[in-house]
Amino acid sequence: MNFRVSSDLSYTLRGPSTFFFAIKCLATGGQRILNENLYTSLEVPTDDFTASVGMNRFTRIRTSGSGAMQVRYQADVETSTQIADVASLLADDPGRLDPDAVPFLFPSRYCQSDRLRQQALDLFGHLPDPYSIASGVSDWIYEKVTYKSGSTNEQSSAVDTLEQRQGVCRDFAHLAIAMCRALNVPARYVSCYSHLLNPTDFHAVFEVFIGKLWYVFDPTRLAPLNGLVRVATGRDAADVSVCTIFGDPILERSEVICNSLDGQFVPITRDTLMAANQVIALL
Amino acid sequence: MNFRVSSDLSYTLRGPSTFFFAIKCLATGGQRILNENLYTSLEVPTDDFTASVGMNRFTRIRTSGSGAMQVRYQADVETSTQIADVASLLADDPGRLDPDAVPFLFPSRYCQSDRLRQQALDLFGHLPDPYSIASGVSDWIYEKVTYKSGSTNEQSSAVDTLEQRQGVCRDFAHLAIAMCRALNVPARYVSCYSHLLNPTDFHAVFEVFIGKLWYVFDPTRLAPLNGLVRVATGRDAADVSVCTIFGDPILERSEVICNSLDGQFVPITRDTLMAANQVIALL
Amino acid sequence: MNFRVSSDLSYTLRGPSTFFFAIKCLATGGQRILNENLYTSLEVPTDDFTASVGMNRFTRIRTSGSGAMQVRYQADVETSTQIADVASLLADDPGRLDPDAVPFLFPSRYCQSDRLRQQALDLFGHLPDPYSIASGVSDWIYEKVTYKSGSTNEQSSAVDTLEQRQGVCRDFAHLAIAMCRALNVPARYVSCYSHLLNPTDFHAVFEVFIGKLWYVFDPTRLAPLNGLVRVATGRDAADVSVCTIFGDPILERSEVICNSLDGQFVPITRDTLMAANQVIALL
Amino acid sequence: MNFRVSSDLSYTLRGPSTFFFAIKCLATGGQRILNENLYTSLEVPTDDFTASVGMNRFTRIRTSGSGAMQVRYQADVETSTQIADVASLLADDPGRLDPDAVPFLFPSRYCQSDRLRQQALDLFGHLPDPYSIASGVSDWIYEKVTYKSGSTNEQSSAVDTLEQRQGVCRDFAHLAIAMCRALNVPARYVSCYSHLLNPTDFHAVFEVFIGKLWYVFDPTRLAPLNGLVRVATGRDAADVSVCTIFGDPILERSEVICNSLDGQFVPITRDTLMAANQVIALL
């Protein structure tokens, strides 16, 4: 599938700041950047980094003065997905583990799986396999946690969300990841552009490693799973925050768009997958 | 320098468990494994993983039954260090940043730099450069935090240590890392064997990226910095915990040894470095 | 019923300290102190206070030097209880509220009912009346939380216990109180001597105000409810801690005893009450 | 002094709710209610309670339906204050303690003095007497914590404020109280109407018991200390929250006014008191 994604961020600077943006799309085996462009309204030092961790792409922008700054990114991206029968996953050796999945078994800043182990066992310990755990956790969160804009902030974690029972996509993903890891299921965070997400914004979902691939789940059920364009993959939002800032600029405006460039787009959702007893992976 | 390190861990198993050990020494540009051996007292599935993240080495052991299990590791390791004048660091372009250092600017499970930013600015915001920040933070922790065995547990984090003002080497390193990252200084956690550490145990210190290298600091001042043998490097203990366990075995006994194999060992400590206005890196 | 209670506490002093003990039994409408004696091994300033809040009795002891100090209390106490049919409670006007019960609707140090409201609603919101809520909460905690000595400390709160799913009598009571208050049911903490508690120690239970009286529940089910001798009543352990200390003495030894002085003692437990569909109040 | 105070609160009801308002002024030895009136726009069950704890006055309003509800209170109140020389306080027996002050030595929901003891000792342990501690704490908070509307919520506590270094009057008072209690100085929370507070709203300050009286301090320095009209006194906001709600109505609008009824009002502030080396108590 082909998508045109863009993000347009306007800041008011107040003294020196260092920004680390993670808004450029990721190039993977299955995701190809057809073209892209990053524009900054100021003549300021701009450095691009690709961290060996997850190959995520960061753009550092260092500003000294005050006033307005606009950062705009646009790209055309070709994505591909793979559908698998749940049955085929269950056939896999449950003990098989990819070396690169190991770090995603451990707790992280916003996914304190070590603190939630008892509750995870209590709620999901009876589930027999990684797929059942991932989908069970995702459905439980959809039912028990209320999606509420502005109910959390960038310091909110899985522990907070489990306690408060409300949050946004980021919080839903964090809680799901923490629960999966607590049960020895490798889980990671995906920051993405999302087609048909309403209202349009960056989106966050989680992936679970089962057998050979990372399969994607969205506890918010707010957008089709085949409309996601991967920006970054990490342990949680700490790794892939859209923007990490040292300094205190104000975000004035943010516009995020993700449109399909194909003739028609046939949404694949949690419900269609459940009906067919399938799962989907973003390649 | 050459060291013989060993760790001997005895567990009582109570039902199925999965262990992830990070006790094998790391092979780096400057650290060479001359020989090593890992022994497990049970005939159980054992898998070795080297995660692309930091190249850390994990040994997964899966047990099904109950009873005693012993895990023993021994290795001879050649290490090398590099000493630099503080002046030379200050000459470096402060904006220079290694791509692989970027992830170590962000908060992690036990180093919630996002939550400590205001206090970090308040305490250390006036310090002019990464070196001053790293050594200032390290000295402040040494003075303000009491080293107290058993005062914390494996869930304790930098926020807890800043609040309670007590902890062990792991907690000291976590707090230092969180403070440095809060001030835009890349900092990471080092799990290590430590010559002349008293009582003998695994040790933890932190490294800060300045200019070209990761320089090491130890807020506990409990052991010489040139007697450290690197086991693993990570964002914090979540990445490199000596043992992450799924299940509930009991650790009955732990013996850790690190001896010099050289004729004589001349300790390099924080004080000798300060006197010479130098820093040290483990290569 | 008549009981002989005693507590014997030995401390090692390390510099000046101020102790606030709450170990003397409370005199209430239904509980009479037949005789009592408090002994302190040192000649130090000792003041008795009876706070208007709950009429709790505090003994302040101020020490200046170092060395050993022993504090011993013994009393003979006559207690009385009242049994009521659950049916009779349900007949009461649910809106009826005693002015002195109002403060026990609000969150307190270790019972953060404000933070647990959503989970309380989720778990117990369907229960129709205060009695059902109190007994439902008490049973749920008995089933879901593991009693484990040493698993918590004096800073542990209801939020921690709900997260960690383990604790001691104090933690069980705190969690129960928080859940009840979150659902608009006045609940308070009772520190007490407890006959047939094993191992012998101070005990903690909770009371819920229903209709006209405070009825007692014990989520630990470790001792008969008619064997409790009230020491203090409060919002939580912060009000009625056996000993609040300013300074850093070490508690070396603690011995607590509560024996029946009557010919025979017929235990009334949660199970006998459930079987008879009754509740019990300590007068 | 004489003041006319009023509060006007508008809610949108969404299903059954129980409100506990603490907006009526307190009658004390030095504060007299000349006249008062509480108006509720709905015909709903309304009960008045005066809890023996601090004699605070609560108004419970129980609503069943949906729609708008307005609650309006107005009163004319005569207040009196007492000024004392700091020197006279220092002359008092530091060991003197009022029984009713004892509960205000212990931690409470939003003032976790038990968790902050080490930091309190570190920051203020050198101060020689209760007055120095109270004013030192108050000044430190004024300097270190940023007053920022909307930066906290009703769950924020002293621990959070010490970490985040920002908050509103309620948070400033909570942190001050926690610090004082951690150092064995009885401290309590005062909810009040406040003349010349800008913008007009309910205000919160703290009182410390020294010698014979509770002296008042305001770490925000936002209003004169002799313009305060006491609504309620408690351990912290949990005791005296302007409104505690069971249910989920929305507060649409709040208007709070406090005007002087006297010919002229001569403000007494922290600075005028410091200059004269005096303290002030609200009688």
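First chain written, first letter: the chains are A, B, C and D, and each begins at residue 1.
Everything below uses one rule, namely that a contact is a pair of C-beta atoms (placed from the backbone, for glycine too) under 8 Å apart; a residue touches a chain by one contact, two chains touch by 3 or more.
These are the chains along with the protein names UniProt gives them: A, B, C, D = Transglutaminase family protein.
Since the structure is predicted, the reported quantities are computational estimates derived from the model, not experimental observations.
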Requested in this report: Give, as an integer number of Å, the spacing between the C-alpha centres of chain D and chain C.
Outcome: 29
Query raised in the report: At what distance in angstrom does the C-alpha mean of chain C lie from that of chain A?
Result: 47
Query raised in the report: In whole angstrom, what separates the CA-based centres of chain B and chain C?
Result: 44
Query raised in the report: Out of chain B, which residues touch more than one other chain, so two or more?
Result: 115
Query raised in the report: If each protein chain is taken as a node and each touching pair as an edge, is the resulting graph a line, ring, star, complete or other?
Result: ring
Requested in this report: So, with touch as defined above, which chain pairs make the list?
Outcome: A-B, A-C, B-D, C-D
Report summary line: In the complex, chain A touches chain C at residues 115-116, 118-119, 122, 144, 159, 162-166
Report task. Quick one: which bits of chain B touch chain A in the complex? Just the residue numbers, please. Result -> 18, 20, 45, 47, 49-53, 58, 60, 62, 95, 97, 99-100, 102-103, 105-109, 111-112, 114-115, 154-155, 183-184, 238-239, 241, 244, 246
